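Two complexes follow with chain A in common, the first pairing it with chain B and the second with chain C.
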Partner chain A sequence: MKLRKNIAVSEAGLLFNPVTGESFSVNPIGIEILNLLREEKTDEQIHSAIMSRYSTDKPTFEKDYQDFIGILKHNNLLESHEETKA
Partner chain B sequence: MKKPKLNIGITGLNAIDSPGPGVPVIRALREAASFDTRIIGLSYESLEPGIYMHDIVDRTYSIPYPTAGTDTLLERLEYIQEREKLDVIIPNFDAELYPFIKLERKLKEMGIHMFLPTMHQFEERHKVNLNDFGKKYGINVPKSKVIYDLNTVHSLLSEFSFPMIVKGKFYDASIAYSIEQVKSYFNKISAKWGLPIIIQEFIHGTEFNVTGLGDGTGKTIAAVPMRKQYITDKGKAWGGISISDEKMLDMTRKFLRTTKWRGGFELELMKNKDGELYLLEINPRLPAWIYLAVGVGQNIPEALVNLAMGHKVKPYTDYTVGKMFIRYSWDMIVDREEFEQISIYGEL
Partner chain C sequence: MTKLRYERPVIKKLETGMPNKFGTRTEYQPMTHLDGIAVEKLMKDYGSPLFVISEKTIRKTIQKAKKAFKTRYPRVQFAWSYKTNYLNAICSIFHQEGSWAEVVSGFEYDKAISLGVDGKKIIFNGPEKSEEDLTKAIKNDSLIHIDHLDELYTISELAEKQKARPRVAIRVNMDTGVYPMWDRFGFNYENGQAWDAINKIMHSDNMELVGLHCHIGTFMLAPSAYGIAASKLAELALSVQEKYKHEIKYIDLGGGFASKNTLKGAYLPGSDTNPTFDDFAEVISSALLNSNFKQEKLPMLILETGRALIDEAGYLLGSVISNKRSSTGRRNTILDIGVNILFTSFWYDHKITPAQAFTHYSEDTCIYGPLCMNIDVIRESASLPLLNKDDHVVIHNVGAYNMTQWMQFIALRPNVVLIDMDEKPHVIRLRETLDNMNSMEKVPAHLKKFNV
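Up next, the complex of A and B:
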């Protein structure tokens, strides 16, 4: 899973999609996850990175993470499989 | 090197809830790098705000409505030309383009340059002809039908489903959810703008606009796409952001290449949830949000004036993405004497 290259993420957590003109705001943990996605980390690597920094249980994080990924996909902010292969 | 000073006549100085492009076009011209300007406002009504903005407009003359005919307009422009020695006129309303295109040659003989679409281009892109336009140039357009008679409204049900858009030939559009609403909008819009009325398929999606400039040979001189962020109940963008959608730019370049469009324009586009683009309308003039294009690096009005003056213009190839415009209104305090001056004498 990879964040689209053209998506701009500000330090304050504002995402801007230059193709559609849409903006989204994310919280600090969201920014951390986006940065890890940008570094092309795997789901497992992202899980362990976040779990090591925050006190939460695995099922709660897993659910929230999948919700977050779902929202990113819904808004076309992640590269599709075809784009990733290319 | 000293910049030349051009006297430029500008219409569209109004600023109601569907504002004219005149004032933002003037702001762009005042920032032109290649010339200085003296701006002559050309107004239709005494309450157009641009008339009273003395740091924007140097002098204003009222001109007759297009319905008065080209001879009346020409007579008035001859009077203005004797006093102001205009180099260029930029008409900014759809409804006035017809007489200005007709007068283009005569005005040139008087020393007034314009850079307008040809009459063929102007007619071909008309809302009334959008279906044929889409077919001819291979551009995706929503299905539309022209109607002249209220009695034919019921037959629309075999071709269109609700909601459908009811459009005036120059301005105004409303979404109708029932036959009663179609009839009501037909009456309301035709009373204001005349017949025909255009019925258009409703495309669900997000609205985008592209403004730009074609040099008349098929070349793209400028193109800036914008997503509407804040839309008024008249469907006008009151805030927007520049974007970098290649599909939109491709459609724009195709429009300019195939039609050899001459002049400024605005494309009204809709993108549905599958990412398909539909061309809803081609406005044959610069839009009211044109100053965003200047703000992102493409001074389209300046390029248009240079083309009108017969100069070579280097195409713009880049602009800043993610820059926003946010429109506001501003109440000016005006002396009654100024209002009297423009109302009674037609000059200020």
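Up next, the complex of A and C:
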């Protein structure tokens, strides 16, 4: 999974999608995850990166992570497989 | 290296323009303490969920209400509406503050007597008073508010039998411009029923008509309706005086003042918009002072205010069980607080505050209770900071009706704790146990054995 290329994330947590003109606000842990996605890290790499920095347990974070990814997909912020291949 | 406090990752689309149905977020401070005691400690010591009542807030509120009326009208008496919250400790606080008791059933009547309230200071309302209840009330010289003619005749017969002359009032219903009009209780003013009842009492020797009573509705947001009610009862009292040369000693305007809660669907929070005690007092005292009573013959004004005196003093503490998403992507949060103990969530958008620190990120959330039922919704939509599993929340303004209308459904009812004036906690109602429940049941002998 990868963040769409042209999407800008500011340090303050504002995300702008130039294709749709939509803006989003993201919390700091969300920004970290977006940046890891941009770097094309795998789910496992993202999990261990977050778990090493935050006090949470694996089941909790996995559930929240899946939920977060779901919302990114819902808002068309991730590249789909087809696009990645092309 | 110490790790950072975990918060769920969230992303939220920014909408420009109108506030949405989730309203604007107003919670910028967690509620970590109640009257000086840490919420965490309360929940650790007494469990979750937990009702907490502030004695300070009760006393402050009743004193504020009394002041609003007493500075405007010379003779005011509050009577605590038992049905609003009849935990003995709570009633006792109101009685210490000088309130009489207002009861609507034999059970509530006995509760007031068992607490030590002088029978003469108990107002007995309601459509159902058994002969046994009435006999007691007559013997104790309580104020009996007659709801219908059948009751009037019963009281007359019992008075004869007991060789007593009970003090009575009639409950009057009337058009005050408020819809729906509460006309199922008492005698109607406009169609002459009230006069008919008054004539019957005045022509019988065995009852003394001491008052006129009304209760025009509940959670009233229009003080003007009380002005109309007060004027109509004043006019009725003056006409009785004129016709029978008989003095009506008090006018009882019932309860119904709105508390600081926010009604479901209201656009602005009730704490900002609902009328104050001063607003109600101004209209009511003007109506009475502007009527034709002579200064020295002004009737006593009785108020049976319930919810407005206790809602703010009550908090319900609870814990987050889980966060989920609905099939449409909506955030759902499940609490251990259901509508079985928070009955008033059917009427109000209760304010909910996290009990621990949070960031300024928020999410639009639907708050559910733990009951396996579709109706178990605490808030259909709330904009709340991110809550994790096991986080604690404080629900505000729950003091009225919840601790009387709660249901023992699926689970046992929780502890109720009072925080006293010195900020010390006291359990005033113990959490129920399975033994409590089972002690009321009996299993016939032939059902005692089974094989499954």
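As a working rule, the second predicted complex is superposed on the first by the 86 of 86 C-alpha atoms of A that agree within 3 Å, B and C clash if a C-alpha of one lies under 4 Å from a C-alpha of the other, contacts with A are read in each partner's own complex, and residues count from 1 in each chain.
Note that a contact is a pair of C-beta atoms (placed from the backbone, for glycine too) under 8 Å apart; a residue touches a chain by one contact, two chains touch by 3 or more.
As the structure is a prediction and not an experimental result, all values here were calculated from the model.
Student: Sticking to the clash and touch definitions up top, decide whether chain B and chain C on chain A clash or fit.
Tutor: fit
Student: Scan A:G21 for contacts with chain B and chain C and give back first, second, both or neither.
Tutor: So A:G21 only meets chain B here.
Student: Once chain A of both complexes is superposed, is A:A8 in touch with chain B (first), chain C (second), both, or neither?
Tutor: The answer is first: A:A8 touches chain B but not chain C.
Student: I want to verify the contact counts: of chain B and chain C, which reaches more residues of chain A?
Tutor: C
Student: With both complexes overlaid on chain A, does A:I71 touch chain B (first), chain C (second), both or neither?
Tutor: second
Student: Calculate the angle at chain A, using C-alpha centres, between the directions toward chain B and chain C; round to the nearest 10 degrees.
Tutor: 80
Student: What is the contact status of A:T60 with respect to chain B (first) and chain C (second): first, second, both, or neither?
Tutor: The answer is second: A:T60 touches chain C but not chain B.
Student: Between chain B (first) and chain C (second), which, if any, makes contact with A:A49: first, second, both or neither?
Tutor: neither
Student: Check the residue A:I29 against both partner chains and state whether it touches chain B (first), chain C (second), both, or neither.
Tutor: After superposition on chain A, A:I29 lies in contact with chain C alone.
Student: Taking the superposed arrangement, what is the smallest distance in Å from a C-alpha atom of chain B to one of chain C?
Tutor: Taking the overlay as described at the top, chain B lies 5 Å from chain C at its nearest C-alpha.
Student: Which parts of chain A are touched by chain B and by chain C alike?
Tutor: Shared contact residues on chain A (touching chain B in one complex, chain C in the other): 22-23.
Student: Which part of chain B faces chain A closely enough to touch in the complex?
Tutor: Touch residues, chain B against chain A: 206, 208, 226-227, 229, 240-246, 271, 321-322.
Student: Considering the complex alone, what residue numbers of chain C touch chain A?
Tutor: Chain C residues touching chain A: 3-14, 325, 329, 359, 361, 386, 388-389.
Student: In the complex of these two chains, what residues of chain A are touching chain C?
Tutor: Those residues of chain A that touch chain C are 15, 22-30, 33, 52-56, 60-61, 64-65, 67-68, 70-72, 74-75, 77.
Student: Any idea which chain A residues touch chain B in the complex?
Tutor: Within the complex, chain A touches chain B at residues 6, 8, 16, 18-23.
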